[in-house]
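There are two complexes below, and they share chain A, which is joined by chain B in the first and by chain C in the second.
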Partner chain A sequence: MKIASIHGALLDFRRMELLAGGGTALHRLDPRAKLLVTLFFIGTVVSYGKYAVTGMIPLVIFPVVMASLGELPPGYIARKIALLSPFALVVGLFNPLFDRTVLIHLGPLGISGGWISFSSILIRSILTVGAATILVALTGFPAICRALEQLGTPRLLTVQLSFLHRYLFVLIEEGGRLSRGRELRAFGNRGLGIGSFAPLIGNLLLRTWGRAERIHAAMLARGFTGEFHLRRESRFGGRELLFTVGWSIAFVALRFWNLPQLLGRVVTGITS
Partner chain B sequence: MHMADALLSPVVGGTIWAVSAGSIAYCSKKVHRELDDRKIPLMGVLAAFLFAAQTINFTIPGTGSSGHLGGGLLLTLLLGPHAAFLAIASVLVVQALFFADGGVLALGCNIFNMGFIPAFIVYPFIYRNLRGKKLNQGRLTTAIILSALVGLQLGSLGVVLETWFSGISALPFATFLLLMQPIHLAIGAVEGIVTVAVVGFVYQARPEILRIATEDLEPGRYPLRGIVVTFFVAALLVGGGLSLFASRNPDGLEWAIARVAGSSELKAPGGGIHGFLAALQGRTAVMPDYSFRRPAGLTAAGLKPGGDRKKEEVERLGTAAAGLAGTLLTLALVFGSGLILKRRYQPAELSS
Partner chain C sequence: MNHPAVELCNLSHLYPDGTVALRDISFTVSQGESVAIIGANGAGKSTLLLHLNGVLATTGGEVRINGVQLAKGTLPYVRRSVGMVFQEPDDQLFMPTVHDDVAFGPLNLGLTGRELERRVQESLHRVGIAHLRGKAPYNLSGGEKKRAAIATVLAMAPEILVMDEPTSGLDPHARRQLVGLLREFPHTRIFTSHDLDMVLELCPRTIVLHEGVVAADGPTEGIFRDDDLLARCRLEKPFSMQGCPVCGKINQRQGDMDQI
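This part shows the complex of A and B:
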């Protein structure tokens, strides 16, 4: 990752945290409910078959409703979604090359299975990335960690995640400064090789190690016994239950009835 | 290389999630019980260090391009397998949620490919054996470079297998393998050399850090059997359970085939690994309906002679048109409702 892109990612990260501080009803919902519904949504999306396209479209309702009720800026979310996994897209682009069987005829136009399954991959990417982005923008990282812990994730991992979250910004900025300093002192590509890279990273590593030791000493001084004590402020009540069950029923229904197909039959049946 | 949700089937994704979750649970217990709690902040801060290290690039001699440290192997060498596995898992969680690398379902696969493989396959079987008990820079170098090569080869093999078993991508197995493995050989070589350089620096500056890591290597403190058994039991249970569930209802592919070919089952190509797997499935019969289909079979089944074909053409055209019209209508409804929800919300916000 280039420095510019990782700094951009960092800014993005901060913006997500700011969005998570919003005060809508969705923000106030217990994070467990949002996490469970998002997981169920992603499970529903990937459960569709390889050539499913129309059947998946109604699922767009979940990110759209969540983003509008949560008052998330649509442009920002759309931009985040537009940075789809390049790996999935590159792999998906091979589908039209290898799968040339014509599956659908639209008048004289024959559409091959490869293009259909590629569009399916595209829609899957949009839906899964969108759902995860919206989850984070509505909940925030610390609350997701807390929800994970309440749902049975080992405490050690959630403690790790909290540490990572707390020191990520400090260390990325430190790395960025080191890197900028080195680039300013380099001449073209001279001086940017492994010869200067290893001591630089090694120094950063040793400094990080020292920092971890100081943090540990400070934590011991404050009575650390291996776990964090977090304030529990939300509970899984009736609203959360309604939210979870409601969306789950909606996903199951959309999964088993192909809404666009039904709707399309009604429309074309009436007009023809 | 991060696996993505869009390429995964629920059976593959769920199975590997179960393996990764089981390993996380096992490692947490292990680190909590056996290691000193000094490691807890160390793991978290070193995980953050990986992100910082990735902001710094180096030029690769002879190519003009630049690379950065992946760092999974470095973390495993410094923290030992259990603690490193947890640290790598936490890095991947942050990448999945904030940097949109991979996805929530693919996180299981990514933790397996980039955490489980280096920590529990490469570290004990390659690194530990090659390195020996006494610190020696020559053997250390060989061990690290080979570990990096093998780790990245296995990791990319994992990506290929997960993609192929999921069946969403149409890439043939061999082609995909030929695309992925050579790239990762080069990445592995670079990663190995850089890790050697960084470890060499640490070794000269503060050798005791590496000594602490070696203490974990003492035999008897490292019951690998536990994790291997957990791995297989979890994989069997979840894989079997999910496949049974998945085979109950005809999925979208079968639905598509039923539309196109008039029958819901296709003859899978007989030869090669497909034939072998089909035979294996027929014998085990745990997953009776979950066969590995290839749309190539459609050419044989999809063409029907004579008048039948014309009728089907009309039928298909109708289906496609209905699908298209319905899709547009649905999208309009969805985004319309989104706009209405937003409009309704804003006045309430203003008046309060």
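This part shows the complex of A and C:
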């Protein structure tokens, strides 16, 4: 159902904001620490070679630990990752066709470089999208913008990001209403076809514009001067330092020692 | 020292598309007064309200709040003094929780810590929705949303409350509760409404707008007895002043008024 899906997407988005209001130790951590560690994590994941697969697996520990300590619902995070994985699939889709050099032999089965790099892309996307989703669910988008600003991002950019985030909700809400109006008069037979979408999209733009202006007026009426103030005061203290340094060391260690390979050698006795 | 709360001098507004929304509007509202601005759709009520805290800039004339002329430099003062509740609470509530939304204004005023919490709690208690503070605004009912929207404005401790259609879209019970709540506010109050029974209950004075000009300004009951004026401005008497639709009897209040 289209109606359900647009409104469902909205509720899903809002759920993310509500998750960020949690009270775990990870929620209370300064947003800068979480942002820095997540960026470092994404950097680590991206730095792996084209055919890296097993080496990246242990990095799963970061999203898993963060999600469980932050008491985030695993199903929800998994759905968010699944939502974005089609993009990664498209990016890696042609690798198995172009790169047919067999790199690994599993008995009679030869696995080509294309398939390996395809899996690598998929794992990367799961790790990075997962980490970013968890960051937003633990911190909240406004707090992330604030952290970006404190870390030296120009204010113009962070305010734009905040508004983009607000506008997204408005857009989805209006889109849901328009789509409902269209479906109710389409009587199930695809409505007026693709032709009805053009005015629909134009209408959507104008409506969201109007609505965003009204919301902006409401914000101005309550003293908004271009800066989002946050209720939760935070400071970068010892806990934040420990969190940042601890994870950074873990990422570096995991990056330079291929843990599964080491483990395999220990088990098969080759290391001796 | 004792300035009127609101003073409009020859206020005009011309929209960029050439529509003249307001023409030479002049009136004053005294401190503590409760005034209704009524008129047909498109009469200019909402445009007028948006001038009271500088959301719209005048294209002619001037606006004074507590004696201070509205200008770019005085905007922060004016916005602190005039609390505006919009018609559509969904446009007013934009933060993830009711608490965050109510805290938005005071945070912009620079309040923090205990003082901030006190303001938020007080406002939520005042409108009777303290138990909803952790909820997301979009999960509230229409009446609750309206109360939350009022709380967001009360938290800024304004001296003047401006409300666009406060009772629109509410069920009779929620409407009754809201009217009771609004009656208790000590603020200077300006309402626009099509709910003329509410106007009769809350506002001793009414200003009638018609096609962007002031058609009448005076005691509410007098205005509602002027059948010609009401017809010309596409308005009707409040239900409580009309005869009973079943027996045709006019209620006590109207009977008393007619004897005057």
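Definition applied: the second predicted complex is superposed on the first by the 193 of 272 C-alpha atoms of A that agree within 3 Å, B and C clash if a C-alpha of one lies under 4 Å from a C-alpha of the other, contacts with A are read in each partner's own complex, and residues count from 1 in each chain.
One rule holds for everything that comes next: a contact is a pair of C-beta atoms (placed from the backbone, for glycine too) under 8 Å apart; a residue touches a chain by one contact, two chains touch by 3 or more.
All values derive from a computational prediction rather than experimental measurement.
Touch criterion met: A:L18 reaches chain C, while chain B stays clear of it. Using the contact criterion defined above for the overlaid structures, shared-chain residue A:M219 touches chain B and also reaches chain C. When the two structures are aligned on the shared chain, A:A147 is found in touch with neither chain B nor chain C.
Of the two partner chains, neither chain B nor chain C is touched by A:V37. By the touch criterion defined above, A:A88 reaches chain B but does not reach chain C.
Put chain B and chain C next to each other and count what each touches on chain A; the higher total goes to B. When the shared chain is aligned, chain B and chain C each come close enough to touch A:R211.
In the superposed model, A:V267 lies in contact with chain B only, and not with chain C.
When both complexes are aligned on chain A by C-alpha atoms, chain A residues 166, 211, 215, 219, 224-225 touch chain B in the first and chain C in the second. Residues of chain A that touch chain C in their complex: 14, 17-18, 20-21, 140, 166, 169, 211, 214-215, 217-225, 229-231, 233. Interface residues of chain C, counted against chain A in their complex, comprise 50, 53-55, 76, 79-80, 82-84, 86, 88, 91-92, 94, 96-97, 99-100, 103-105, 107-109, 112-113, 116, 134, 136, 138, 152-153, 156.
Note for the complex: chain B touches chain A at residues 1-10, 13, 24-25, 27-29, 31-32, 37-38, 40-49, 51-59, 61, 64, 66, 68-69, 86-87, 89-91, 93-94, 96-105, 163, 167-172, 175-176, 193-194, 197-198, 200-202, 205-206, 209, 246, 251-256, 260, 295-296, 298-299, 302, 313, 316-327, 329-331, 334-335, 337-339, 341-342, 345, 349.
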